[in-house]
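Two complexes follow with subunit A in common, the first pairing it with subunit B and the second with subunit C.
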Partner chain A sequence: MIKSAFAVYIQGIKTAIASRMAYRTDYFIGITVMLIWEMVVPMVVFLIYRSGVAFPNWNIYEVLLIQGIFMIAKGISYPCFFGIVWNTIVRVQEGTFDLLLIKPRSALFMALVTGFDAEDLGKLLGGGVLTGICLANLPPANLAQWLNMFIYFILGQGVMFSFAVIMAGTGIKWVGNFRLYEIFDSVTAFGIYPQSIFAKPIRIIISYIIPIAMIGAFPASILLGKPVPQLGWVSLGVAGFLTLSLFYWRRMLASYTSAGG
Partner chain B sequence: MSESIITVRNLNKTYTTYERGSSFKDSVKSLFVRKPLKVEAVKNISFEIQKGEICGFLGPNGAGKSTTLKILTGILFPTHGEVNILGYVPWKQRREYVARIGAVFGQKSQLLWDIPPADAFELNRAIYNIPRDRFKKNLAAMVELLDVGEVMGKPTRVLSLGERMKCEFIIAMLHDPEIVFLDEPTIGLDVVAKEKIRGFVKEMNQKGTTFILTTHDLDDVESLARQIILINHGEIIFNDPIEKLSRFFGCKKKINLQTDRSQIDFQLPGLKSLDRRNDTHGNYELDLDILPLKAFLAQADEILCIKDMSIEEIPIESVITALYETKKPED
Partner chain C sequence: MKSSAVATYKEWSAYRSHMLLSLVVGPVFFLVQSSIWKAVFQGRELVNGLSLEQMLTYFAAATLIYYLIMDFADWNLQMLIRTGKFITFIIRPMSHWFFAFSQKVGHRVLGLFFEFLPVYLMFLFLFKIPLIPVYPLWFLLSISLSFIMMFQINYCVGIIGFWLVQAEGIRRVFLIFRDILAGAFLPLSFFPELFQKILFFLPFQFISYVPLRVFMGNYELAGFEMSIPSIVGIQALAVLAMTGITTLLWKLGIKRFTGVGV
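And now, the complex of A and B:
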């Protein structure tokens, strides 16, 4: 079953890349524009630090490391599974979501397979470069830190997936609404800065309830040797968030009304 | 007696939509207040379809046929009612069920616009987990039958509508479905492409595939369907073999009559004048229950002196149009 699902997913990626390569110039321009756009926040941080202002106990490379890892997280999740959001919104709006439901796979999986977005690999490239620059200017982390960071990073991908599922589910009911991305960006903005700058209630929410901090802040903190919440508790938070998102998706799917004709 | 492959009992679908109005004022108002509108798209319909059938599922726009088909294909949940297809309840066992059916939507493509149909077939092979040798065998047979070998490697966007539709049929049938739902499969196609597709459907039907056909093209219906289900205002108004359709309003014939004498004052019981080309050449509808053909011929020849004539069945489109207009909603 898993082998078969993986084969479908790989075929979906091949198909998406082949489709995107039909317009290569647009693809490369798209990646470049995305790269510039994603660098806006790090540039703002850079300018703030240049003007002499700083987050307490965090130097510029430490802050940029959070944003670099956050970009890598987006660079992996956006092409690999975040496409379920635009794919669902567009298909529900056009009426072609029906075509996913006549396939012998889960609708969510079909949205995933047909929603691979090769253009979003630009985020991964940008995040990799930014993280590399930061790490080159910071004390090296040991193997245990890297392993721990990897576990938190994977959990962060679970949080990204949960967000994608909630947004896609909302797209079933809230037809044609691309403002969901802006809402998502606003909410996740809490995860691209050092957690110590937030009040305790907010830290609790973004660590355990809507665990945005898992996406970039905690993995980066681990590499920097800074304290993070215990793995057990944050894992529970991520599992809860994921379960909630899947439940929400099922509810939204059951209320799908299709387009006329 | 052959077995029922589709059984539908008291199927009902009600949904809520919102009235928005068309003016700018209405649009602004709808930002704050929207009037909900309850729509009963399907009203307690029941029917059965036998295995190996080609069933024409017809109705005017907004009649409820697409909603019914979407419930039958597992896309929509009904409000209430029972459906059993191949032993499955479509919306409850969707994944297992859809592995055994296929669907072609004339206005929704399963092909991928920028890449060749061959790549879309390969993606579907993976989705349906079709063994490689069976996939190759099925693909080769259908490519030959539909004569689309030359277009397999071309991007879909450069294909003609007919070529694309043929490829849609291949996608729908690669996994050997037992039932195929066709929603407007020949819409916009030229005569040659339509004939090719009809021939393909007939051939697949002979091999045992059951087809449910939704269309507004009555040539498709006459050429393919053996059973007709007519739906209007969410209710079934006809469900019988196609032969019974032309006799729905009684046994009638269309008569084209050329005579030596003028037909201007020609009247007989059971005879309705349809149109007249000139004084001595006209078309009539004859109700055989009122005036048998033999009696009509004798009287018409005596009064008008028949020079030439033809007798035809009432065209199916006339019957269907009349049926669409018979039952109006009860407000």
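And now, the complex of A and C:
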């Protein structure tokens, strides 16, 4: 079952890349655009620090490391599974979402397979470069820190997946609304800065309830040797968020009326 | 103009719930900005000549100004050219430029009710940001000019569609730079001195930075300090120059239209 699902997914990736390569120039322009867009926030941080001010107890490379890891997280999740959002919104609007429902796999899985977005690999590239530059200018982390960071990072991918499922589910009811991405961008903005700058109630929400901090802030903090909440508690938060998102998707799918097109 | 604006208003009223998303997005972004600047200002009175209160006012006003001036003339024109639908505008008794501008008026009137006013009240009562311009009449004039400037610049980007079939990538790159250079992400006074001097001669500051500084009651960029009437006067000249550039580009571009997408 898992093997065949993986095979289907790989086929989806191959098809997506092949169709995107039909317009190579546009594809590479798209990757460049992604890269430039993702560099806006690091540029703002650079200009703030250049003015001689700083976030208390955080140097510029430490802050940029959060943003670099956040970009890597997006660079993995956007191509691999975040495509379910636009895929669902477009298909519901056009009426082609029905085609996913008649296939012998779950609608969520089919939305995932047909939603691979090769253009978003630009985020991975940008995140990798930014993280590399920061790590080269920071004291090296030990193996235990890297392993711990990896666990938090994987959980952060769970948070990204949950967000994608919630947004795709919303796209079933809220037809044609691509502004859902703006909500995601605004909420996740809390996760690209040091958590210490936020008020305590916000820190609790973004650590345990909508665990945005798992995407970039906590993994970076681990590498920097800064304190992070215990794995057990944040894991519970991620598991709860994921369960809620899947429940929400089912509810939205059940209310789908097939009225698009 | 009235008919086109009213038609656009009615058309977009069907999607007013989409606009209401701004009630979440704007204040949430502002909450993040507010946390950032409160942390940065710890133990400091001024950063780049701005106090914490001025900085928060800058970002709150930037959010609101965007609701008043935003448009998608660039996307719309490129789409019309690419699909060939633009051909229907050639036979109409009004220019597409004027039609698109009328559409913007209708769309932004809707934005005034569903985005600007609710978010303004949220900033006022929730975040306690006193959003009252120092010189209301000059601000009104400046925001009107920035409304036209935003349209002209976006329209010029749309005109690129006459030369390139697939100009989406270039359009998106341009929009990112437009927002950076207009001071939407950070006041332009944070940029390096030489860069500020270049920005002074580009049209982008007249989209956001100038109306924001007029709102705050003082203008400074690249070491140039100016009175509010002077900078608004320069803004008016820049809008005139941009109109000339738009007209020129339009005359060159329209010659290339073949309606092949029809």
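By definition in this document, the second predicted complex is superposed on the first by the 259 of 261 C-alpha atoms of A that agree within 3 Å, B and C clash if a C-alpha of one lies under 4 Å from a C-alpha of the other, contacts with A are read in each partner's own complex, and residues count from 1 in each chain.
We adopt the following convention: contacts are C-beta pairs under 8 Å (C-beta built on N, C-alpha and C of every residue); 3 or more make two chains touch, one makes a residue touch a chain.
Source: prediction; values computed, not measured.
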- Task: Name the contact category of A:Ala136: first (subunit B only), second (subunit C only), both, or neither.
- Result: neither
- Item | Which superposed partner A:Ala199 touches (first subunit B, second subunit C, both, neither) | second
- Message: Let me test your reading of the model: by the given contact rule, A:Ser4 touches which partner, first (subunit B), second (subunit C), both or neither?
- Response: first
- Task: Check whether subunit B or subunit C contacts more residues of subunit A in the superposed model.
- Result: C
- Message: Just checking: does A:Tyr23 make contact with subunit B only, subunit C only, both, or neither of them? Give me first, second, both or neither.
- Response: both
- When the two structures are overlaid on chain A, which partner does A:Ala144 contact: first (subunit B), second (subunit C), both, or neither? neither
- Query: After superposition on the shared chain, which partner residues are touched by A:Pro104: those of subunit B (first), subunit C (second), both, or neither?
  - Reply: first
- Item | Residues on subunit A lying within both footprints (that of subunit B and that of subunit C) | 23
- Of all residues in subunit C, those that touch subunit A in their complex: 15, 17-18, 21, 24-25, 28-29, 31-32, 35-36, 38-42, 44, 47-48, 166, 168-170, 172-173, 176-177, 180, 185-186, 190-192
- What does subunit B use to touch subunit A in their complex? 15, 61, 66, 70, 73-77, 94-96, 98-99, 101, 103, 105, 107-108, 110, 112-115, 119-120, 122-123, 126-129, 155
- Note on the structure: Listed in rising order, subunit A residues that touch subunit B in their complex are 4, 7-8, 10-12, 14-15, 18-19, 22-23, 95-96, 98-99, 101-106, 110, 113, 254, 256-258, 260-261
- Message: List the residues on subunit A that touch subunit C in their complex, please.
- Response: 23, 25-26, 29-30, 32-33, 36-37, 40, 43-44, 47-48, 50-51, 53-56, 174, 176-177, 179-180, 182-183, 185-187, 189-190, 193-194, 196-199, 202
